[in-house]
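There are two complexes below, and they share chain A, which is joined by chain B in the first and by chain C in the second.
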Partner chain A sequence: MSAWRLWAVARKEWIQLRRDTRSLALAFALPALLILLFGYAISLDVRHIPLAVLDHSHTPDSRRLVEALVAPRYFTVTTTLTREGELDDALRTGRVRLALVIPPSFARDLAAGRGAPVQLLLDASDANTATIAQNYADAIVARYSLAVGGRAVVLPVDLRTRVWYNETLESRNMVVPGLIAVIMSIIAAMLTALTIAREWERGTMEQLAATPVHRVEVVLGKLVPYIGIGFVDVTIAVVTGRVVFHVPVRGDLLLLAALTLLFLLAALGWGVFLSAALKSQLLATQAALITTYLPALLLSGFIFSISAMPLPLRVITHIVPARYFVTITKGIFLKAVGLETLWPEVLALAAFSAGGLGLALRSFRKELG
Partner chain B sequence: MPDPVVVEGLTRRFGDFVAVDHVSFGVGQGEIFGFVGPNGAGKTTTIKMLTCLLRPSEGTARVADHDVRTEAKAVRQRIGYMSQMFSLYGDLTVDENIRLFGSLYGITGAHLAERRDWILAMADLTRRGDRMTRELPLGWKQRLALGCAVLHEPPILFLDEPTSGVDPTSRRHFWDLIYRLAETGTTVLVSTHYMEEAEYCHRLALMHRGRLVALDRPDRLRRDLQQPVLEVLTDDPARAVEALRDAPGVIEAAMFGRAVHVMVADEAAGLEDVARRLAAAGRRVTAVRAIAPSLEDAFVALVRRQGVAAVE
Partner chain C sequence: MSPSVGRVREMVSKELRQLLRDFRMRGLIFVAPLIQLMVFGYAVNTDVPNTETFVVDHDHTAVSRELIDAFQRTGYFEVVGRSERPADLARALDRSEAIVGIEIPPGFARRLAAGGPADVQILLDGSSSNTATVAQGYATRIVQRFALEHLPAGVSPPAGVDLRVRPWYNPTLESRVYNVPAVMGLLLLLMSLVLTALSIVREREDGTLEQLLVSPLTPTEFLLGKTLPAALVALVDLVTISVLSIVWFHIPLRGSVLALLAAAILFILAAIALGLLISTISHTQQEAFMTMFLLLLPSIILSGFFYPISSMPRVFQIITLVNPTRHFLEIVRAVFLKGAGFVPLWNHYVWLAVIAAATMALAIARFARTTARGE
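Moving on, here comes the complex of A and B:
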C-alpha cells in the first residue's frame, strides 16, 4: 500500500470527473431535483381536500356544521350544489373528493334532539386519502355533535394524544431525511458503475494492472472523489431540508457525517463490484439501479412503512443497507438519538460496508480476461 | 546474469481451448523479439502471461529473473507494457497522463520533469503537454503510450501489436524509437501482423494455433524455405488461386495483395505449367516470374508443413 499511488489514482479520477459534464450533472443536479420533487410535489399530507356541499336545510345550524368542517383547513368547499343529481357528476369528474349532504329536516331534528343524520360521500379511488378524510370528518362531526348537544357529556375514558418527533405530522419531515439514503444510493450506483466499467471497456484498467499499483490503491483511490461528492450531496440535502422545507435537524451532524461515510462505503463498494464483475457501463448501471436505487426507494421504509409490508418483503428489507441508513437519518434528524440507540443499525451498516469493499477488492484480484 | 525472459512449457487454457500450448523460448538482453502469426495464434495471450495480466495454466516464465506467478509485483516494476488497444486516458491531457503513470511507478519531482521532457521530445509533443490526449492523431497517441510505457526506464518492454491502424510513415517512426530503445539495452518483445515489421525484429517466433512453429532470424527463416516461389500477375487473383491450388507440381498458392504467390516443386517446369493452366482457365496473365521468397511465403510454408505434420 502506498498513499502516494492511492492519491495519484484519486487525483486522476477527480480530474476526469471534473471534465465529465454528464456525471457531474448526475452528481449534483439529480439530488437537488429529487429533494424539490419529493419535498414539494409528492406530499403525503391531507390538506385542503375539495369538498362539495349540498345543503337542503339552509339554516344557521347547517351552516355552522359546514364551518366546523372547513375550520381546521383539512377541507375546502369548492362547490356548492343545489340538486341531488349534481352529486354524481361532481365526484366522478374529480372536481371534489367528498360531498356533504344535509337533509331539509336537519335543524328540526337537531332541535328535537332525535338525532340528525347527514350524509358524507367519499371518492375512495385514492383509498389512502379517503380513509384519512373520513377520519377527520368523523372527528369533526363528533365534536360538533357534543357542542350542539346542549348537555355536557362525560366520557369514561379521555384519550389525549400528543404527537412526538414530527409534531405537525408533516410527511416532508420524514421524506427529507429518508431521501438522503436514496440520493446516496444513486450516486454510488450510477457514478461508480459508469466510471469504473468505462475503464474496463476502454482497456485503461489493463494498463493500470500492468503497473505496480495495488488493487487496494485502485479501489480506494477511485472511491475518494465519490465520497467527496456524497458529502456535498448530503450537505445539499440537509441545507435544503432545513431552509426550504423547515425540516428540524435535532441530532448530531457529526454523527450523521460519520454514518453517511459508512453507508457510502457500502454502496460504493457494491458499485465497484458490479462494474468489475460486469465490465460494461450499460449492464453495470442497470444492475446498480435495480439492486440499490429501487430497494432504497421501495424497501427502506423511506416512503412505505416496513411494518406494514407482508412478511416475505419484511425479511428482504434486512438485506437492504438503505433500510438501516433511513432509520439512522430519521433518528438523527427528528429524534436526536445517538449511538446508544442506533448501534444495531450502525453494526449492520458496518457489516455491509466491509462486505461491499471486500467484494470490490475481490473482484479486482481476479485476473484480467 | 540470466536472460531477461526465459519461458518453459508455458501453457494457457480457456476451458477446453488451448490458447498457448507448451511454448518455450528465451530472449537475450537488447534483443528485439517478434511474435508473428494469424489472429488467435496465441501472441496476445503469451504477452499477457509474461506481463502478469493472465495466470499461466502450466509451465514457467521468468521475466527480469522473477517468476511471473509468484513475483508479479517485482515483474511489474521492471517491465513496460503497451496493449493492442490505445489505453491511456483520453480525457486527461498529455502531461496529466505522464504524471499519473509517473506516480504509479514512483517517479516524482525533478526526475519526473526530466522524463516528461524526454517523452515529449520523443513523441514530437514538445509544447503540446496541455493537449487533451483524445484529440491527438493516432500515431502521436501511440508514441505517447510508448513513452508512458518506458517512463520508468524498464529493462524489458512488451508491445502487443503497437502499430495496428497507423499509417506506414508513423509505423516507421515508431520502429525507429524501438531501435533506439534496444540500442540502449532495452529488451523488446513485440507482436505484429505486419510482415514488414517482422523483418525489423532480430528474431521471430512464428505462432500458429497456440504453438511455436518456428523460431529464428528473419533471413534464416526465409532461406530455409527451399521451394521456389513464383509471382503471378493476373486479372483475377482469387480465381487464379482457385485454378492453381490443386494443380500437380503446385505446393501452395496464395494471394499476396494483388499478386498470386505460387510455391512450386520445380522452378522451370512451374513457370511453364502455371502460365498454361491459367490460360486454360480463361485468366489473362500479365507476368509469371520467379522471386526471392518473402517472410510471408516462409510462414505460409511453415504453417502448411505444421498442418501436414498434425494430420499425419
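Moving on, here comes the complex of A and C:
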C-alpha cells in the first residue's frame, strides 16, 4: 500500500465531487438546514396547547379555575364555547386539543365540599400531547383543590424534582447532539451510495481497477473526502448548536472528534458495500435510506425511547451503530462523561467500523477480482 | 391534438413492464414500504411505559416500599436497580442505564407519621427531554395521590375539584394509532416522487428521451405514460398500507373510504407534479436524488408528523400551509381516528387541490420548455 497512490485516489475523488455542485450542496446545506429546522421550528416541548372553555357556571370560582389552568402557559384559551353541541366540532376540526366543561352547579358543589365535577375532553388522537396535557391539568387542578374551600390542606409529602444534564428540559438540547448522528448517517450513506454506485453503473470502476492502484488504496482513498465532509458537518453542527441555540457542550470535543471518525468509517464502509453489491444508484440510495437513515432517526433513541419499543425492535437496535453514537454525543454534550463511562459504546462502534471497512474491502475484491 | 388512449396505454404498459422486470425493483416498490410501516409502527412510540428507574431507599420501611410500589404499579416506571449509595444512582444516570432516579431519605416514614413534610427526591435525565417530561408528570401525580392517602389523622382530604378526563378518539391513549396513518403520507410521497422523477431523468441520462419525443408520442402522452404508472404503484401501496394498518395494527378506520381516496389522489397528484418538476431541473439521476432529499426532509419535519404544528413558531406554521404533506396528514388522521368527512376538512382539500394544480402547471410549463430546448 502506498500513501502516495492513496492520496492520488483521494484527490481524484475530491475533484470529481467538487464538480458535482448538487452533491456538495446536499453535503453542506442539509446539515445546516436540519439544525435550523430542528432548532427553530420544532419543539417537543408542549406549551400553549389550544384549549376551549365551556363555562356554564359563570362564577368567580370557575373563572379562577380557568386562570389557574392557563397560568403556567401550558394551555391557551383560544375558543370560548356557549353550547355543548359546539364541543364536537371544535375538537374534530382540530381547532383545539382539549376542552374544559364546567357544569352550572360548579360553585355550589365546591362550596358544599362535595367534589365539584369538571370535565376535561382530550383530543387523544395525538396521544403524546394528550398525555402530557392530562398530567399538567391533573397537577394544576389538584393544587387548586387544596387551596379552595376556606381551609388550605398541606400535603405531607414534599416532592423535589431535579433534572440533570438539561435542567430546563428543553428538547433542543436533546435534539442537537442526537441530530449529529442522523446527519452523519445521511451524508455517509447517501454520498457513497450515489457517487460510488454511479461509477459502477458507468463502468468507470473497472477502469480504476485496471490501473496499478491496489483495492485497499481505492477504498480508503475514496473514503477520505467524505470523512473530510463529515468533519466539516460536525463542526457546523457543534458551532451552530453552541452559538445559535446555546446547547451546552460540556465534555471533551477531541473525544467527540475521534469517535465521530469511528462512526463515519462504519457508515461509509456500509455505503461502499451497498453500492458495490447493488451497482445501481436507485437501489443503493433506497437501501441506504432504509438501512441507515431510518434506523438512525427511529431506532437510535434520538427522539423515541428505546425502552418503550417491543422486544424484537429493542434487539434490532443493538445492531444500529447510530444507537451507540447517540449515547456518545448526548453523553459528551450534556453529561460531560468520557471514556471511563462510554467505553462499552466505543467498543461497539470500533467493532462496527472494522466490520464496515471489512465489508467494503471484501465487496471490492469480489467484484474486481 | 387530444392524447390517444391507445398510445398512452402502450406507453403505460411498457413503463410498468420496465419497472417490474427487476426483482430488486419489485422489492423496492412493494416490500420496502411494508418494512417501513412496521418499523415506524413499532418504533415511533411516545408512550413511556417501563421507564428505567433507579431506586435509592435510605428509609427501608414499609411506607417507603409502599411509595415505590405505587410507582411500579402504574406500569410507567420499572425499577432496574437499587442501591444504598447515591453515587450508584449518579452512575446509572451517567451511563444512561436509568432515566429516572427516586431517592427516599432516612426518616421518611417517621416524618410522614408526624404529619410531614417528608421529602422525596426525583432525579430525571433531561437529555431525554420528552421521556423526562412525561415521567415528571406521572411522578407528580403518583406522589400527590400517595400524599392524599397519608394525610395526618383528623385531616380529611379536600373534596375540591373532581377532574374527569375523557380522552376522545383514542381512549387508551396509544400513540401508534396517530402515527401509523401518517406513515401512509410519508410512503406515498416517497414513492410518487422517486418513481416519477427517476423514470424521466433516466431516459434523459440515457438519451432515450429524444427518441421517445421524435416518435409519434405527443408530449402530453409521454407525460401521462410516465406519471400514470407511478400513480398506479402509489395507489396499490396505499391500499396495502391501509389494509395492514387496519388488520395488523388495529387502527380504526372511522371515516369514509371515499374521503380518504379523494385526499390520496390529490396528494399523489401533487407529489407526482413535484417529481416532474425535479426532473426538469436535473440532468442526472444523482442530481435528482440530491434535490429530492433536500426537499423530502423539510417536508416531513414541517408536516406535523413528529411534532405538533401548534407548538411551532408562527412563521413556520404559515410555511407549513404550502406543504401538501401537512394537509394530507391532517386529513388521513382525522378520517381514520375522528371519522371526519369532507365538510370539517374542506380547507385541507382545497389547499391540496390548489397545491397540486399549481405545481402541475409549473412542471408542465417547464417540461415543455426544457424539451423544446432539447436539454
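Here is the rule we use: the second predicted complex is superposed on the first by the 355 of 369 C-alpha atoms of A that agree within 3 Å, B and C clash if a C-alpha of one lies under 4 Å from a C-alpha of the other, contacts with A are read in each partner's own complex, and residues count from 1 in each chain.
The rule we apply is simple: a contact is a pair of C-beta atoms (placed from the backbone, for glycine too) under 8 Å apart; a residue touches a chain by one contact, two chains touch by 3 or more.
Every value quoted in this text rests on a predicted model; they were computed, and no experiment measured them.
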Chain B and chain C placed together on chain A: clash or fit? fit
Inset, instruction - Applying the touch criterion given at the start, work out whether A:210 contacts chain B, chain C, both or neither, answering first, second, both or neither. - result: first
Please indicate which partner A:8 is in contact with in the superposed arrangement: first for chain B, second for chain C, both, or neither.
first
Task: Determine, under the contact definition given at the top, whether A:86 touches first (chain B), second (chain C), both, or neither.
output: neither
- Should A:252 be classified as contacting the first partner (chain B), the second (chain C), both, or neither? neither
Considering only the touch criterion stated at the top, classify A:20 as touching first (chain B), second (chain C), both, or neither. both
- prompt: So, does A:202 touch the first partner chain B, the second partner chain C, both, or neither?
  reply: first
Max touched-residue count on chain A (chain B vs chain C) belongs to chain C
To the nearest 10 degrees, chain B and chain C lie apart, as seen from the C-alpha centre of chain A, by 90
Across the superposed arrangement, the tightest C-alpha approach of chain B to chain C, in Å, is 14
Note: overlapping chain A surface for chain B and chain C spans 20
Counting only contacts in the complex, chain C reaches chain A at residues 24-25, 28, 32, 35-36, 39-40, 42-52, 78, 91, 93-96, 99, 111-112, 115-134, 136-141, 143-144, 146-148, 150-152, 155, 157-171, 173-175, 177-178, 194, 198, 282, 284-287, 289-291, 293-294, 297-298, 301-302, 306-308, 310-313, 316, 330, 333-334, 337-338, 340, 344-345
Counting only contacts in the complex, chain B reaches chain A at residues 48, 51-55, 73, 76-77, 79, 81, 83-92, 96, 99-101, 103-106, 108
In the complex, the residues of chain A that touch chain B are 2, 4-5, 7-9, 11-12, 15-16, 19-20, 202-204, 206-213, 367-369
Given the complex, residues on chain A that touch chain C span 20, 22-23, 25-26, 29-30, 33-34, 37-38, 40-50, 65, 89, 91-94, 97, 110, 113-132, 134-139, 141-142, 144-146, 148-149, 151, 153-171, 173-174, 177, 186, 190, 194-195, 198, 278, 280-283, 285-286, 290, 294-295, 298-299, 301, 303-305, 307-310, 313, 327, 330-331, 333-335, 337, 341
